[in-house]
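Chain IDs A, B, C and D follow the sequence of writing; residue 1 opens each chain.
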C-alpha cells in the first residue's frame, strides 16, 4: 500500500519536531512537505543534525498550493492565531488538517477571541463555521468524529491530562460538579522552543513556581469539554506550575464524591471500564501513583485514583508526556483515525526508563 | 561576649550539615560538640572536605554527659523515634534542645504513636509530659514560648510552608475551615541523605510524582496547629509531590472565602499585617508568584495570595528552602530566640540567584 | 518464523531493564525467562508498573537448568564477578551468552584479577579458557566473531564511546600512539540502580566532578583493544567525570597527528570510510559537535573530529547513550549478530528530541 | 567609617545580579548607582522581586556624569565591546573601574581585535593605552597591581579556573610548556541571561556537549598569562563543554612532568605553598577531587592534583562557581583590594551543601 502523505508545518518547533520524529518511523505515513517560518530556505540536516530525514530536504514556506499538491494531510504546529490563516485554503484544496494550536479548540469563535485576546486582535478571524465544524481531538472521547473530520483541533497538554481522569466521573455524575480543583505541573518544553528568559536552564532549573494562577487559557478549554460531558456548566480552579524538567506533565485533580461510600477500588474500576478499549490510557492499581517518567517518550496517559474517606474527596492523578500524548503524539493519534488506521499505529507506548 | 555553645547531633545528615553551616558563620554561637551515628569516630574534614570546621574535629557518639559538659544547647537531627531517647537525659542535665525530628511535634504522645506507628513500636516512649511541654517551633506564631522553652520541636517542612500563609486566614475566620486542599511540591533533599533508590538522580530527575497521597504524616501535623488557631477541628487534603530539584518546597493552598467580596489586595494586606514584624516572611505583591529559587539558601518564606472571584476561592502560594526555613534554618531561628538574640541573627535572607 | 528465546538475568537493574525494554518490542526475540537477585519471587508488574510484559510474570532465581530449558540466549546483567559463576553452566547447556559485566572483557584472567581485585578475591575464578574464548562485543570491529560466538563480553560504556573514534586513527597509524588523553563524562545511571549516597539527586545534581582519576578500571579495557588495533602497547590517560544527567556519555579524546598536514575534513573522511557500512555509528560533518542528547534513547554513537593546526592535535568527540550503545543496546546488537539478524534489528536509532 | 560607593552597570544580567547580591551584604561598600540597558527606567523591585535593595530604586542609563557624581568605583557587566565606550569617561572623572567583560583583558588592543572580531568592528576602539594600563584581575597573582589600579579587567571564568592550578607549575618549570590540554566544563549560566535557544532548559538539560572546540576566545586569554608566567610562548588545547547545571565550572588540565619522579604529594605541596596565604584558593589533599558543588555560591577555587606515574603526567583539577570566583566574586575581590580591604571582605567562602 502506498503511504499517505503528510505535510508538517512549523517543523523546527517542538510540536513539529515531535511530529516529524513520529512520522519518520510511522509505517503508513510519509512526510511529504516540510514548512517553517524561521527555518524556511534552510536544509533540514543543517537545522536538525540529530534527526536525519531521508533525502535531505529544504524547509519551504507554508504555501497552500504546494501543500495541496504534495499532501493528503497537514499537521500545523504554529503560534496561536496563525493556523487560522492557513486552514481555510487547505481545506478548500482537500487537505485534511490536524491543528496543534488553540485556534479551533472552541466551538465559538467569540469565546476564542475573548480568551486569546491579542491573537484575535492581530488575526481578525471570521471563520465561525470552521470553529463549529472542527472536532476536539481527544480520541478516547471523540473517536468516530475524528475519523470523519476534515479539521481536528488537538487539545492542549493540560486539558488532555486533566480531562482524561475527570470526564468519566463527571459523565456518570459520581462527583460534584463545583469545587473542582486542578493543580497541574509541567516540564519547560511546554513553553515552546522560542528562546524566553524564564525558560533558560539557569532560570528554570532548581526551582518550581506557579504561573497564570487565575485565568490561564487552558481553564476555559477544560471547562468547555467538562461542561459538555457533565451536562451542566462547570467552573473550576486551575493552577499550572513550571517544573525543572524537559518533558512530562502531571495533573492532580481534587473533587468531592457524591456518594461518600465509594472506595478507591470502585473508582479505579470506573476508570478501567471506560478506558479498557483505549490503549493510550493506562489505569494503575490502587496505591500506585504515576511518575511522569513512566509516560515519558510515550503516547500513553497513566491514571490513578485515590479516595480520602475522611474528607469524602477523590484525588485523581494523571501523567503524560506533554509533547506526545499532550501534543504531537495525540495529533498523530488523530491522524491515524482520520486515515482509517488503528489509533496506536506508529506510536510509542513503552518508556525508556530511567 | 562569649559565644553560646551548641552541640549538633546527627551531623552528617542534611539537617545536621545545614545546622553546622549556619552555626559556623553565626556571630553568637559556636559548635561545641559534633555527634553522629554513621560517622562517629571519623574526622570531620574527611567526611565533609567542603565544609571545614575550625580545628578539625572527630565526630563522637551522642553521649548526654559529654554533651552537657560541653554545650548549652543541642540541635538534634536524628531519625524519628531516636530523639526521644536523648532528649530526657539532656534536659535533666540542663541542656536546652531544638529537635528537628517529629518526636515532639504533637502535644499528645498517643497521637504521635498513631501517626509514627513503626517508630512508636521500636521506641516504646512514655514521655507524655515532654510532649505536652515541648513548644512547636514556628517562630512567627510562638515567639515568646520558644524564647522560654527548654524543648522546641522544629516543624516539618511541609507544615512550615503550608501553615504560614494559611493561619492568618483561619485565625481571622476569613475562609471556610473545611474543604482545604494543600498541594505541595518538594525537592529530593527532603528525603534525607541516606541512600534510597527512588531518590537517585537517575530515578528522580526528569520526573514529577505524587506520593503519600492519603495519610502523609504531615497531614495531622498541619491539622493540629490549624485546628488550634482556627478554634475548631480541621480535616484537610494534603498531597505531596517529589520534584526534580535539590532544595526548595512550594505549597499551593486552596480555600473557599467566607466573604466572596474580598479581593487579592485585601488578602495580601491580611498577610502583610500579620507578618510585617517578621523578617523571615516576605509577602509578595498581588500577581507576583513565588519561585522556590527565590527562597533558596535563605531562611525566608515567600508568600503570595490570589483570589478567583469566579469560584470564590483563595489560592495561597508559599515557597521555602526545605532545608533552611523548612528545617535547620528554622531550628537556628528558634535557637536565636532561646538565646535572647534577634530571630534573624546569623541567618541568610538573600538568595544567590540564579 | 518462531522468535528466538532470550533469558534476561539481573532484570531490575538498569542493564536488565534496558534489555527488557528492547526485547519487548523486538520483532525476532521474545523474553523467555526473567531472573534477578533482589527481585526473585516478586511479580514483574509490581516491580516495574511502567514496563508491562505480556502475561505478567514472576522473577525467578538464576537457575542454569531453568534457563537452558526455556532459552536459546541469555543476557547477563550482574555485578562484576557474578557472571563468571553462571556462564560456564549456561554454555555447557548450550545457551549462548551476552554478558554485560566486565568478567570476560579481558583475554587474560590474570589481568582481570589484577584490575578487579576485590571481585577476584571473592569469586576465585579459574576459567582462563573462557576468557580467551570470549569475544569483545564491539560489533563495528568484531562483527563476524560475534556472530559465531558462544560468549560475548559487551564492552564498558567508556570504552565503547572512546574506542569508536580512536581505533580508525590508531589502525591507520595517523596518530602517535603515546600521549593519548581521554576526558570522559557520564550521566549518573552509569553507576547503576543500587542506591549509593553520591548518586542521589541531592548530591549529584548541580555538580560535576572527576572520579577514579588515575587507574579507573576502564583504562586497561580501552588500552587492551587500542593496543591490539595499533599493533603496539598503548598507555593512555583516562579521566571520567560524573555529570548531572540521567543518561548520556561523552568522550573527548586528544591525540597528536603524525602528519600535521591532515585537515579536519581529511580526518572526517577517515571516520566516514570506516563506518559507512555501520548504521549504529554516525559521523557528523566538520564543525558539528555531538550533544549526548542527540544520541539519547538510541543505539547510535555520534562522532565528530576537529583538528587544531596550531598544536598539531586531533580532538575526537563521541556521544552515546550509556545504557544503550554503551551497554544494553550494544548487547542486543551483539544478540542480533549471533542470531543471524541484521545488527540494527529492533534497535532505536532516532532520538526523541528534546 | 563611611562605606565606599559603587556603581553597578549592567545590573540585571547575571554578572550584575551577583555583584549586587554581594555588595548588598558587604560591610564596606554600598550600591550607589544602578544602571542597565534593557532595564533602564524600571524599578528594581519589579525586575528582581527576590533581591530587594534598600529604598527601592530605578535603574538608570549608564551616564558617566551621574556615575561620577555618585560613585567611587564602578563595576561594569556589559557585553564585550561596550565597556570600552564607558571606561575612558569614567576614568577621566576619577571613577576606578572593575570591568567584567573581555575588553581590557589583553595588553594589546590589536590582539583583542583579532580575537573579538565582530565586537572590534562595531566598536572601533583606539584605547591602546588603557589596554596596556589595565591590570588583569587575578588577585592571587597580581595582588599589589590590582590594589593600585585605576582599571581592572576581571578574568574570564575558564581562564580563572584553569590558570590557578596551572601557573605554579609553569612558573617553577615543573611541567613541559607544550602539549598542555585543558578540558573544561561549565554550567549554563556562563552563557548569560539573554535568552538563547541552546541555553533553554529543554535543550541544555539532560545533555553534555563540547563547543568552540578549536579557537574558543578564552584560549588566547589563558595563553597570554600562561606565557608571561612561564617566560616562553605557550600554545595549548582548550575545549569547553556545556554541562546541564546552573552554576559551577570544572577545569581538568593535563600536563607532562619534566621530572617523572615527582609524586602527587610533591605536587600538592607545590600548590599549597603558593596558595597558603590566599584564602580564596583551597588545595585538597591527594585523592580528594573537587566537585563544583563544593565551590558553589562561594568565591573559592578548589584545587586538586594527581600524578600518573605510568604516563608521567599531571592531572590538575579546579572547581569554581563560574559567577563568583569565575566572575562577579572575583570582581568584588579586586574591588576589596582597590579599596584597601582584605581580599575576602564580604565574600562567601562556605557552600550550602547540598
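The criterion applied here is as follows: a contact is a pair of C-beta atoms (placed from the backbone, for glycine too) under 8 Å apart; a residue touches a chain by one contact, two chains touch by 3 or more.
What you see is a predicted model, and the numbers here were worked out from it, not measured in a lab.
Please state whether A-B or B-C has more C-beta contact pairs across its interface.
A-B
Compared with chain B, which chain's mean CA position is the farthest off?
C
Can you check how far apart chain B and chain D are, centre to centre, with Cα atoms defining each centre and the answer in Å?
The answer is 37 Å.
In whole angstrom, how far does the Cα centroid of chain B sit from the Cα centroid of chain C?
A distance of 45 Å separates the two centres.
Rounded to a whole Å, what is the gap between the Cα centroids of chain A and chain B?
The separation of the two C-alpha centroids amounts to 39 Å.
Could you list which residues of chain B touch at least two other chains?
Residues 14, 187, 189, 193, 202-203, 205-206, 244-247, 291, 293-294, 354 of chain B touch two or more partner chains.
Using the touch definition from the top, list the residues of chain D that touch chain A in their complex.
So the residues of chain D touching chain A come out as 14, 187-189, 191, 193-197, 199-206, 244-247.
Residue numbers of chain C touching chain D in their complex, please.
Counting only chain C, the residues touching chain D are 179, 181, 183, 185, 187, 202-203, 205-211, 213-214, 235-237, 239, 241, 243-248, 250, 252, 254, 256, 289-293, 296, 306-308, 310-311, 313, 315, 317, 319, 354.
Show me the residue ranges of chain A that touch chain C in the complex, using the header's touch definition.
Residues 14, 17-18, 21, 24-25, 48-51, 189, 193, 205-206, 246-247, 284-285, 288, 291, 293-294, 297, 302, 350-354 of chain A touch chain C in their complex.
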